[in-house]
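Taking it in order: structure first as structure tokens, then the write-up.
Naming follows writing order (A, B, C and D), and every chain is counted from residue 1.
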Amino acid sequence: MPQPPTAGSTADEVLAIALGKLAPRPDEVFADIGCGSGKVSIAASALAREVYAIDRRPEAIAWAREQARAAGSQNIRFLEGEAPGALAGLPAPDSAFIGGSGNLAAVIGALATRGTRRMVVSCVRLETLSTAISTMRDLGIFREALLVQVARTKDLAGGTMFVPANPVYLVIGGA
Amino acid sequence: MPQPPTAGSTADEVLAIALGKLAPRPDEVFADIGCGSGKVSIAASALAREVYAIDRRPEAIAWAREQARAAGSQNIRFLEGEAPGALAGLPAPDSAFIGGSGNLAAVIGALATRGTRRMVVSCVRLETLSTAISTMRDLGIFREALLVQVARTKDLAGGTMFVPANPVYLVIGGA
Amino acid sequence: MPQPPTAGSTADEVLAIALGKLAPRPDEVFADIGCGSGKVSIAASALAREVYAIDRRPEAIAWAREQARAAGSQNIRFLEGEAPGALAGLPAPDSAFIGGSGNLAAVIGALATRGTRRMVVSCVRLETLSTAISTMRDLGIFREALLVQVARTKDLAGGTMFVPANPVYLVIGGA
Amino acid sequence: MPQPPTAGSTADEVLAIALGKLAPRPDEVFADIGCGSGKVSIAASALAREVYAIDRRPEAIAWAREQARAAGSQNIRFLEGEAPGALAGLPAPDSAFIGGSGNLAAVIGALATRGTRRMVVSCVRLETLSTAISTMRDLGIFREALLVQVARTKDLAGGTMFVPANPVYLVIGGA
């Protein structure tokens, strides 16, 4: 039975912001690179014509496939492998969410070359942030990066305090 | 010619998170209370069957109506007046975004009584935050509040710095 | 043997900001109300002539006294009891840090009445924040409140991410 | 008459945290590299035996010197020039605050080599943050970096909102 992948899944709020930036349309193809739990793919599948869900971890693909089945998403193509290679031979995605990659600069470069018009890299590490920004700058497709911080209430001794989630960076590029 | 209302419009990222929480569906009615520029109404109109855009300022209604026309949104009903009174005689909304109100506790109470199942209050003032939380707690519909902070890059002396937008609170309630 | 009190102690960064605002001087008396671990008292004891460390929990007083002895602080007077009553009969403090109190409005009021010129309330709960601000506003001594958020690096998979501490509010008042 | 330098001065709260980390002592020498307005130097001069205030801009040195005179600080040595060269021939500082430098890696390296035991780099740009962290990591002196965010209240339409200052990074190193 599939198990959830170990790497944390994208928070609802970050997902909402990222999809708002990517704005996939009903006639478009969307790629979810490093799909992990499949959460982004399932959300995008309601908006795009087709979604490519890519992950190099077989257990992530198995889990995400199961989640998509449970959610009734029928337009997700699961690709086990490493981007950008795993995208070879497929029509270029119109927009892409990059939640994880061992090869970030190559992924951004391949997408830009093939004509992906909107992409968002989501990351928590400074080094990944720097790589994403500098790669997009070099390609002339950098638009902006966001630092997104969400804290949510919890009850404390009869009162209400805010507990912060980890800050997430979204690096936004487009042709 | 209509002019934009003076109160600030909802930031894209806050809008995306709020709509993600409200998740209006194609068979539902959505209310945008204190609609201001009409931005939330227009975004919701692509998801819901009908949107009520309510504002007590004639100039806001005129501006929002113009924006909706330009965006091609045809399922927004504009209501000039003060909520909750302006909603009288209409079917209760299934979900509601409350971006501004001179009468917040009464609005939340009326929505809850009439069966609105999901609501989000967006605010920047502490006093409004406290009112929203305590009113929802008293009604037994408080789910959580979020503190949302977004900073975006700008170029500085050949480098990249983050400039913060004002923090926004989203208070989320539901039956 | 004394044990540390259960309530969390003030973070170094919050302590530094609060002491910067209070700026105790060598000829002044400083009060640390809800002294907990004694950390604020010990830091203030290097700057002020005398420090009152007040806590209603005997185990907090015992622990703080032990910490002060270890730190070599000799000008701290430990007072087990509830403020403002525990301050009766003593010279009024010139400045005060209020890290915890079951009776916040009364404490602020008593300090203001007796002439404490600078005070900082440190809190994490919204309700405490509201009480501190509204009490100081009513007394005409409210200066400003700060929302302080500190995140610190930790290593993650060969990279560097920021992990946030809980947001803290500092409410600053003065005659 | 001296004018204030154009680059922004360190916020009070950031200064308080940085000095808390550096903890200059009465028998120590403190260096303020890129001293700008002189604010950090003046604050440190109350704690350290001697302060070196270094800036390559003559107008910054003139202004800082004037501010120090007004504040009564008599143990600040002003050095117009570029660090680390400007420190040549002087005893090594025990601790250093680096608020600005055109030559950050060289400054950190020179300080580490000469035995400065505690240093804090304050920056707002990502590129500077990355350089500071990687330089300190390479030297084996990296301790941690902080992301410091302070928002302060302002009155808004009879209520209280928080307005954020720009986020600041403090990179902390030590032997």
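Brief remarks follow.
The definition used in the following text is that a contact is a pair of C-beta atoms (placed from the backbone, for glycine too) under 8 Å apart; a residue touches a chain by one contact, two chains touch by 3 or more.
None of the values given here were measured: they were computed from a predicted structure.
By the document's definition of touch, common neighbours of chain C and chain D comprise A, B. Comparing mean CA positions across the assembly, the chain most remote from chain A is C. At the interface between chain A and chain D, over half of the residue numbers appear on both sides, which makes the contact a same-residue one. One simple way to say how far apart two chains are is to compare their mean CA positions; for chain A and chain D this gives 39 Å.
Rounded to a whole number, the gap between the C-alpha centres of chain B and chain D is 43 angstrom. Centre-to-centre separation of chain A and chain B, using mean CA positions: 27 Å.
Contact with two or more other chains is made by residues 126-127, 133, 147, 149, 151, 153, 160, 162, 164, 167 of chain C. With chains as nodes and touching pairs as edges, the resulting graph is complete, every pair of chains being joined.
Across the interface of their complex, chain D is touched by residues 124-128, 149, 151, 156-167 of chain B.
Contact residues of chain D toward chain A in the complex are 126-127, 129-130, 133, 147, 167.
Within the complex, the chain C residues that touch chain D are 12-13, 15-17, 19-21, 133, 144-153, 160, 162, 164.
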